[in-house]
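Each in structure tokens, the structures are laid out below.
Shared between the two complexes below is chain A, which pairs with chain B and chain C, respectively.
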Partner chain A sequence: MVERTPLFDAICQAILLIGLIVALLPFAIVIIAATHDIRAVNIVPMPLMPGHDLMANLHEAWVRADLGNKLFNSILFATSVAAGKVILSAMAAFSIVYFRFPGRSLLFWAIFITLMLPLEVRIVPTYAVAANALAPFQAILNVTGITWLIQTVSGLQLSLQWGLLNSYPGLVLPLVATATGTFLYRQFFLTIPDELAEAAKMDGSGPVRFFFDMLLPLSRPNMIALFTIMFVWAWNQYLWPLLVTTDPKFGIAVTQLKLLIPSEFGLPDWNVAMAGTLIIMAPPLVVVILMQRWFVRGLISTEK
Partner chain B sequence: MASIGIRSVRKAYQKNAVVHGVDLDIASGEFIVILGPSGCGKSTLLRMIAGLEEISAGEISIDGVVVNNLEPRERGCAMVFQNYALYPHMSVADNIGYALRVAGVPKDERRRRVEATAKIVALESFLDRRPMALSGGQRQRVAMARAIVREPKVFLFDEPLSNLDAKLRVAMRAEIRRLHRRLGATSIFVTHDQVEAMTLGDRLVVMNAGRVEQVGAPAEVYNRPASRFVAGFVGSPAMNLMEGTIDRHGVFVYDEERRVAVPDAVESRLVGHKVTLGVRAEAARLVEAGTSGSLPATVDFVEELGAGRVVHTDLDGLSFAVAVTEPVALVPGTAVGIAIDPADIHLFSSETGLRIDAAPAGAQVEPPLVP
Partner chain C sequence: MRAFGSRSKAASPSQSPLPQAGEGEKIRPTQLMEKRATFSSTTIGLVFIAPMLLLIFVFFYWPSGQALYWAFTLEQPWGGGNQWVGLQNFQQLLSDPVYWNSITRSLVFGLASTAIAMGVALVLALFTDRELRFHRAYRSIFVWPYAIAAPALGLAFRFILAPEAGLLSVLNSIWPNIWNPALDGKDAMIAVIVAFSWKYIGYNFIFFLSALAAIPRSLIEAAAMDGAGPARRVVDIQLPLLTPTLFFLLVINITESFQDSFGIVDIMTQGGPARATELMVYKIYFDGFKGLDYSGAAAQSIILMGLVVLLTIVQFRFIERRVHYK
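The block that comes next holds the complex of A and B.
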């Protein structure tokens, strides 16, 4: 329904404006606080006019939290997770939609059900697997008696070991599987007319060619939307990076924020904490702004 | 160019049979039209030839090679789809050249062949456009060009004209016919539109409920329909069909006051049988009400077609169409008579639905027409 009365328009504008203010106010306070020195930021109420110490605060936060290294880790981590999710979910959805094999729908529902098992729920087993990625295989070998057989025959104790703790693969791999992404792709692939696949088949294209020549170009808006969401999601990950990287060399920026927040008896330098926050929220903001045009189109679904 | 052999081909989805044993021989270079109502299995048959559907039983061979287990690309068929199935993200040139790219044809040759093909279908100036920026008729031509460029042994058309408006459909029909004459490739064209079928095909294959009802040249199918179904399906307006019995005197009796004399050659065999009598609208004549030997009827409405008109009449509940060429001024409700010449009568058995002829059954099978 489209209403076109001036009063109604005005009410809509007002509501939108209120929403915008509510959304932006905390953001504004972070920016303002980051510009003050330690004295001004602790005045109650805090002055709402910006101060002059932004650069100094940014520099202080950068040095104190070792943000150069940590931001690099974060960008590497978030980009790999997002890219991994895009690739893996495209492939998973491709196999579910375009191939008829036994257990196909079972597999789809199994993937779908993992939506109900976020990382936080399965963090302990995931950690165990990350500590030794081959542990599940070792368990299979143990249960089937192959370990025993090898030991009896050759006297060798079979012990598979591939630790992922404190490494980039350990940070990235456990987060790469995604039911959301698979579902998004599946729904998109289902909107592609069957005739397109059949025409490609008649033209002599095999399934792999069809994937690269047809599905990938057609799903580009989808891919970009998924990448954007997943980049921001991965950027904001806290628990997993904290758990899996004890070596500061592999730490990421978001967990590093903890270092900037004043402790109970420390110096209440909230200006530095806010400056650090500003730096750390910049990269996802840039990604969203750059991808925004595509991103919206991808979520609105397909062009006809 | 290739001949196609279809031997008792069946298709069933789980327990659901949709094609019940089709036998058909298609000569090299022939233009075959498969005609039938929706759901009769005609598209399924076409898709089995293309290799897009598995063949449940029977055998399809192209040029003598059984293709049952060959991939679509190994069969040498090209297909034009009903909704064209153009690749939306590729330019017209890329759409046409995709099959060549897959086949690994070098770029220069590809370019040359795409341009040559575009010329055939008059698309030279649209090669850089996307399918989205084309009209329906142009998209249709891209779909055709995509088939032509591969120089296939067999062209398959799956109702390619049904998404076009009436005028464009006529134009494209002529274009397809011209194209076939020029390329000479064996073509199979599936449609539910009997005008399309009559005008395009060297031979028609009329299908109903998964079975072939009749195979023959368009004129033959029209003039000697092999079954009640074909009689009612081919021709516009549809053939008038009346259920009745043949009485002791060899006269077809519909009801008390409506009797039609049947040709002498068949009457003796049919005395006492239930039969369906068919008369084309253009074979029946309107006469004064009460004329002896005519069927009494009342005018229902008159359909004005410009070149002629169809008078729809009512025979106590049975509608009966009569085509007339000269202008008539008939108000609905007028009593008229319908005169039928015994020579224009088609008789079908009410039990089997098959045509009853003076000649013994089976004589109407003619050798395939090869142009």
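The block that comes next holds the complex of A and C.
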């Protein structure tokens, strides 16, 4: 604090307190509504004293939205996306920073441009690619005449097919395919003193050894930050999982929220809807609260 | 490489990284920094970058190219491949009042929610930065909303703002039918704006606070010595030094309002009532996957891509002219 301004400080505190209430109110409403029975939750205004039906509502939401299976899928999905990002971007950044091969800056830009267009914007064609992930290669082979060549030589009709709809790779891979993490690593690698690589080379270490034994251990803080932010981001994805997983076997938790909306002419069981919301929003919230330092750090250093 | 010597501390998590000021302008993607010590094996270098390249080729470049192709062609109803139609898809789109409607809605939504989310976050960050009592609690709690999935908070707000239950229904019991997002388009728009802004207050707060923390304390103290009160310091020191963060957040908020709004709209209003909340991404989804009009959806995607790219270019122009004060 720079000077004593008791009146102004009081105003600040009052406004911050209002902010706090606004920030916490939705959480409070969700939690309180989840404890009521269906009669209490529909009273206007909703009673703010918690009811006694929390466990029953949680159980009902769990069964209705098949959350056991869906939460498992969500955890698997978010962890795979985060791990994929952490690993692939470290490798790509290593290649960009520590090697000099022709066309390197072109590759750098090719990766960089992916930051511009989020998945939501190019959703329709990405979906078409997911239906057959090998379609791009098939098209290239067709255009270059290799398909024709193989067919005339061996009589085999070449058709590449790898459908990703309703599969874990289909959920995960398109979300890994952006540059977000690559730049975090790149910036970090650039801060590592040259002497380290020189010393490693002098001691006879090759690039692979240097990457695994020096760079990766040094980038641990970055990896944790990136993992945290990517886990939360992936958990909260909605549009892509909604499209790709029509088979309930592969569905994730967040897309199940739609099932929990009380139908217009059915029972207004908001208590169950809020209990479901509570379960589904809890994991990323817990991650953010426990890993706040990493989360904030990851957010600020990845998104610029 | 020498320039980075002073930045090595930023790798430790205890120090809050500075998003805009000082740090960023040294490492600009436009300038490729060179390492003195590099490895010569091109093969290993390519092996390391290959998985990433393969992924972005299949899931980024190919689809983007495909979108372009579809936007200028029309699928024949009985098969037989796509036929080149030039700008016809775009002409059709741009002469469609429903499409213009969705652009207007998106802009209203984007600008309103950006203004609210950034304004509130800025005030909260400025006050939290004064380090009064409980500022640690404020600092962590204001971040929480950003952790919530858009559809989850959409469902929460659908209940809170429901006309017959929840909180705002109180209004209806005093003045009947004053608030009904299920029937009144304006109310529905307000509801989605409130839900989206609530989430992004947390996001903007993180960036404002860390930019404020980057302003040297001595500057504030010197101003106070010269008799500048808190308000004067905000206007003359903190806001000017925050300009890069302001521009950055402005662009990010508008871009996010195009994409992250999908979950909120889909859960809260499904584009209704009467298309009142049909934002651009929602319309692409609806036309492409419900209406199966790939060419129309692709043309819409291209226009949206253009918008986003334009915004990004604007952002980079401002990043180039970052404010320096060190």
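By definition in this document, the second predicted complex is superposed on the first by the 266 of 304 C-alpha atoms of A that agree within 3 Å, B and C clash if a C-alpha of one lies under 4 Å from a C-alpha of the other, contacts with A are read in each partner's own complex, and residues count from 1 in each chain.
Definition applied: a contact is a pair of C-beta atoms (placed from the backbone, for glycine too) under 8 Å apart; a residue touches a chain by one contact, two chains touch by 3 or more.
Note that the structure is a prediction, hence the values are computed from the model and not measured.
Contacts of A:Pro217 after superposition: chain B is touched, whereas chain C is not reached. Touching more residues of chain A than its counterpart among chain B and chain C is C. Using the contact criterion defined above for the overlaid structures, shared-chain residue A:Thr5 touches chain C, although it does not reach chain B. By the touch criterion stated above, A:Pro174 is placed in contact with chain C alone, chain B being left untouched.
When the shared chain is aligned, chain B and chain C each come close enough to touch A:Glu198. Within the superposed three-chain model, A:Arg209 lies in touch with chain B and out of touch with chain C [touch as defined at top].
Of the two partner chains, chain C is the only one that A:Phe112 touches; chain B does not reach it. By the touch criterion defined above, A:Val22 reaches chain C but does not reach chain B.
Looking at chain A, you'll find residues 193, 195, 198, 201 touch chain B in one structure and chain C in the other.
Chain A contributes residues 1-3, 5, 8-9, 12-13, 15-16, 19-20, 22-27, 29-30, 33, 41-42, 44-46, 88-89, 91-92, 94-101, 104-105, 107-108, 110-112, 114-130, 133, 135-136, 173-174, 176-179, 182-183, 186-188, 190-191, 193-195, 197-198, 201, 206-208, 210-211, 221-222, 225, 232, 235-236, 238-239, 242-243, 254-255, 257-258, 260-261, 264, 268, 270, 273-274, 276-277, 280-281, 284-285, 287-289, 292-297, 299-301, 303-304 to its touches with chain C in the complex. Of all residues in chain C, those touching chain A in their complex are 1, 4-5, 7-8, 10-14, 16-17, 19-20, 24, 27, 29, 32-33, 35-42, 44-46, 48-49, 51-53, 55-64, 66-67, 70, 120, 123-124, 127-128, 130-134, 138, 140-160, 162, 164-167, 169-170, 172-173, 182, 198, 201-203, 206-207, 210, 220-221, 224, 229-230, 248, 252, 255, 258-260, 262-263, 266-267, 281, 284-285, 288-289, 294, 297-298, 301, 304-305, 308-309, 312, 319.
Note for the complex: chain B touches chain A at residues 50-52, 71-73, 77-79, 81-89, 98-99, 102-103, 146, 150.
Residue ranges on chain A touching chain B, taken from their complex, read 193, 195-196, 198-205, 209, 213-214, 217-218.
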